[in-house]
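Next come two complexes built around chain A: one with chain B, the other with chain C.
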Partner chain A sequence: MPLISPPALLQAYLSQSPPHRPSNRAPTETRPIHLNVGSLTHCNGSSLVKIGESTIVCGIRAELLPVSEIPHYRASDNARQGRTRTATTIEEDDDEDSDNTYDPNPLNNLLVPNLELNTNSHPSFPANIAPSTTAQSLSQRLLSLLHSSRLVRPSDLSIRYSSEQSASTALDPDDEAYIEPERDVLKAYWTLYIDCVALSYGGEAGMFDAALMAVVAALRDVRLPRARWDEDRKTVLCDANFANARRLRLRGLPCPLGFGVFVPDPRLRVGAEGQGRVNGAVQGKSEGAATVLIDIDSFEDDVCEEKGNVVVDCSNSKNKILKIEKVGGHGRLDAKAMKDVIRRAEARWTEWNAVLETALRSAGACASSVYHLVHRAGKTQQHDKEQAQKYNHDGSNITITSTGAQ
Partner chain B sequence: MTQVSPQIQLHNLSSSDGSASYISPCSLQRIIAGVNYPLEVSYRSKEVPDDTYIEVNLRPHNAVAGVKEHHVEEVVRRVLKSMIRGEETPRTMLQCTLQVMEVENDESLPGGVKGGGQGESYLEMLCGGLNAAILGCLDAGVQMRTVAGAVLVAVSKSRETNIWPSLKERKMAKSLHVFAYGRNAEMLLCESEGEFIMDEWERAAMLAKRAVLGTDDAGQDGDVEMAGEDDGRCLMSEIRDAVQARVVRDGMGGDQ
Partner chain C sequence: MNDRRRINGPASGTQPVVFENKSKALGRPQRSRKPNELRKIFLQTGLVPAAAGSAYLELETPSSTRSFIPTTSTIKLSCAIQGPKPLPRNSSFSPNLQLSASIKFAPFATRQRHGYLRDNVERDLGSHLENALNGVIIPDRYPKSALDVTVMVLEGEEDCLWNEEHGQERGISGVGLMNVLAESINVAVAALIDAKVDCLDLLSSGVAARAADSETDLLDPCPSEHEALACACVVGYLPARNEVVEVWSKMAAGKGREQVAEDLVDAAIKAARGSHKILTEVIKESLKHSIKTKHSANTKTTNDVEMKT
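What follows is the complex of A and B.
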């Protein structure tokens, strides 16, 4: 929207009573979330999220990473992990790091999110250039959030081998070729390549919201094939049977919400000079006061200097905050206003949870009808049944489509 | 609380307009900032008709900048943009180069190598980089609306808030926060990650404000009270001392 003075337009809208925004929303009104899950065929999990003009497609592909290919891999970590694993049953242990060991994050390189801002997604993005600062920032923020929220459990991504399976083949201890049997050994990891492509760009704050929702929905949709270590072939074999594939057990459900603080240009304020100097606080309804806008679109994103995102998680009826980011502007948003934003994000969480569950249910209904096709495909291709090293999604002719909520 | 304060030195590069070195307390992270201002904008398309174009370059200690560093650059750039009176020098450029000189050894990584991988938190680098950039701008004589300082706060599992956490405390923390406060107690930046509740965030913010400004409430005229309490010295008074030392050194006819 080429405008001579965008702030003046936004101020004109907001100074009406009741105040509303150019998108005809109230200042604290959010936009509906459109979600479609599992629409990409060649991915282990995928999603499409559309919030206003921000549209993101996210596909997750899993690849195997044998520990032999990890530089500086330490078997001592492995032994320790094996011990804690047997000490606490892996099911339902929410705090795998509850032992206060000083632990490098085992997920460090297992989640690889990337976000691409296409030329087609916004007129201002030129073609054939290196990823813009915005795209890199968004990728980094997604990665940081995936790590700091500990959303994915490392145990879900590890492929272990316990020698009890092959106890009958154990050699005689007196034999010189005898190797001390390792009881429960980590052999490989799944690496998740999380690729987001923007179909339409709607401002940085809005894009982060859409991208994070897309990533979370795609992670919920991920189905990893059953993989096991084959000691004879010294490689990981995957089960082509779709019915044996398992989902990730995510910790919680993050929900993002973008916000911006609109401060009218002092040149537009007539006779209200100096009013905006009160320390840090967002003022009342007087002219020239800062207004907090929730879920900002690209137009508001350009006008607001002070903006950010919060991420909350209200699952298991525990309200947690996972991230607060706010940069720029002149610090007009104080703690009280931030509390208000968090409250709105918690309301957004309820909405997001409902949308996600509906979409996953309908995708699941579609997938189960497709399952028979996959199953048959697996049977006809006997030679493909156990595929080594690199897992390609079998049954590539089959399209899993679904229509999500709303 | 131990007496901790960052070590600041201004103008230690001879050929840039302004420079500063900043060593953050407890984490031994050393960052040098070089600021050149005003410069001609390198690409005409980047020129802003009524504002100063700001460019921030950040180099980690052991590599060239990656995605993480680019994100930190962007955040620092946006904070500087809100602090600097760019309209005084339209169509020019402010170039701020940050070099991480030293970071703490991370014994938990294989071979005790130094941290800084892409997956690790960037908040420590952001905090140090922002402080160094602001000091560099002060030294270069950039016209600014306000002076700000950033601090890193960790909230541990037992919900204790630690200011300037060490590497081990950072890794054990449940949430990490960076706050930047201007001298009128306005919050210019807040980045928090981990898992926390509003109450912890508010306590961390309060602690950060005290560490930057010395007192909870800034004076109405914007003057910072120099309260010599047992919390050690505040960041603002450290900055003031560093600027004072630089002015005295110049007055003595020092070697620049």
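What follows is the complex of A and C.
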């Protein structure tokens, strides 16, 4: 429904007491996160995140990249690295240790996040054309955050090989047939294709929040099969046994929070207060001043000129800021307000952590299905209950004999 | 050539995973349903707020533990309708509604990773869907307008088990795609009704197949449960008018096949009647729900704010 003057409407809502938004939330109130993990059959890890009207499905598919396929690959570096990093240190390396060994270069192409915004999710994206600038920028922001937060450890994505020195090969080094045994040599990498599909678009800020949460949840859900290098066939073979699969050991848990700064039209403020007040303090008590809105939806996303995003990580009881981003506007947001946003992002992290842990636990317990989420994330609770019952009584035993066409 | 607008993987490309012990223990799932029994369908409308109409459909998930070589998969579809909207200015006058329907597989929908660009299979399925929907929409109610129907396949069905070679010697292939098409028609119709587009009837669709060396018609066949299917057929059917608007069948040619084809179409119509029941139920549900929310919105007064102008 197109509005004639969206800023005036938002201003009217915010000037109520207590101020609230068209979605009936307080200016600093966030929307609940709905999450479901492990519901797609053909993925190594998958998740579905729904925050308000933004819904994103993320599926992670792992494929293999043998080092022989990498152009200009230098085996010497990795052999040296491999020797210093034995099996025990891989198990034990903590954040400090691996910080030094994080080499972004091989990881650059191993994580391939793409966000697809198609016309299915919003009418503003035409069908069957190249990705819009919004989709491109969201994908790039996801990629850069994955690297800057060092979420995935390179050691988790590498497949190493040590040749066993059997009696027959343990010959004299001077012998011609002697093959130098390979010790812990890197043979291949896992490549993670992280594909996000938007089922419903809810503004750029909301989409980034939902997409990042979906990616993190799907990464937590990833199971990589146990892989070994087969020296005879010169290829990587994987163990189909699911019990032998391993998870990724992620570093921390990023949590995004989008915000917008709403500055009412000066003309409206003249009407409201009888005089033009341009320099209202941010979040000041006076009506007409700029207001910080947390977790903005698509309507507010269109109205706010000044928007931003904070990504924090509070795991291991350390509060880390992974990213602060702010675009547009004329700098109506001061440091004090920014601190307040960060505090809210930390609160959001606690909520997100709890949601994620619950979802991961329940995913292991039952045979999962997207249905569980869509059903939970439906418009109202009441409606969902009805739908769930219908699924049971209506779907079961549809025998057509009674209505037979003959 | 690389798509420069997306993030591409390693330049040399990657290899899919090869499993060494494709455990022989993994048996073929058996069809536990009766031949004339459909799988359970979950269908809900109105999940995409920005779209004029939308629906989500999911077939029942067989209770299997998670594994790297899944023996079965389900169908998960999301459909959104945009429009009826005015035709772009530069297009010529059209007295009828311009319908365009497309089906896109998500990259993670099937065993083989799908690209983002539309491939031939998707184009083919899209044109089948468009044909079927053209048979039910009343186009002259919407002159000079366009209607976009997009179906996103989040999970599609496979023709054979993972531990089998593709392109089996016996039987036909593509039954999985037929199932996807049938459910796409069903979900698109639910979304059309949600968008309140004028239709002749409630179109519904179903699939029937026959296993090799068998004379029984199987409704809603799950391809991974059968070693070889001899013939299969999908129809789009208007129950009130007793009209078939879309047929797609696959079978070997031969003597006496005409009767088989006829029987198969009849069986597929039975399956379509089954889906029709669910469609009616879901539409009733969503209507009731929309009336209820409208009523509660009317009684709530807190939503009204006075605008100072």
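The rule is short, and it goes like this: the second predicted complex is superposed on the first by the 327 of 406 C-alpha atoms of A that agree within 3 Å, B and C clash if a C-alpha of one lies under 4 Å from a C-alpha of the other, contacts with A are read in each partner's own complex, and residues count from 1 in each chain.
Note that in this section contacts are C-beta pairs under 8 Å (C-beta built on N, C-alpha and C of every residue); 3 or more make two chains touch, one makes a residue touch a chain.
Note that the structure is predicted; figures quoted are calculated from it, not measured.
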item: Touching partner for A:Gly45 - first (chain B), second (chain C), both, neither; value: neither
item: First, second, both or neither for A:Ala127, with chain B first and chain C second; value: second
item: Touched partner set for A:Leu145, first chain B, second chain C, both or neither; value: first
item: First, second, both or neither for A:Gln136, with chain B first and chain C second; value: both
item: First, second, both or neither for A:Asn109, with chain B first and chain C second; value: both
item: Contacts of A:Asp195 with chain B and chain C, given as first, second, both or neither; value: second
item: Contact breadth on chain A, by residue count: chain C or chain B; value: C
item: First (chain B), second (chain C), both or neither touched by A:Gly258; value: neither
item: Which of chain B and chain C A:Asp239 touches, first, second, both or neither; value: second
item: Residues on chain A lying within both footprints (that of chain B and that of chain C); value: 109, 136, 139-140, 143
item: Residue ranges of chain A in contact with chain B within the complex; value: 72-74, 100, 102-105, 107-109, 111, 133-134, 136-137, 139-141, 143-145, 147-150, 279-280, 305-306, 308, 319-335, 338-339, 342
item: Chain A-touching residues of chain B, taken from the complex the two chains share; value: 67-68, 70-71, 73-75, 78-79, 81-82, 107-111, 117-122, 145, 168, 171-172, 175-176, 181-182, 184-198, 201-202, 205, 218
item: Contact footprint of chain C on chain A as seen in their complex; value: 8-9, 12-13, 15-16, 24, 38, 40-43, 46, 53, 55, 57, 59-66, 69-71, 109-110, 112-114, 116, 118-123, 127-128, 130-131, 136, 139-140, 143, 191, 193, 195, 197, 199-202, 223, 225, 227, 230, 235-242, 245, 268, 271-272, 298, 367-371, 374-375, 378-380, 383, 386-387, 390-391, 394-401, 403-406
item: Residue ranges of chain C in contact with chain A within the complex; value: 3, 5-23, 34, 36-38, 40-42, 44, 46-52, 54, 56, 58, 60-61, 63-70, 72-74, 76, 78-80, 82, 85, 100, 102, 104, 106-111, 113, 116, 118, 148, 150-152, 154-155, 219, 266, 269-271, 273-274, 277-278, 281-282, 285, 289, 293, 302-303, 305-309
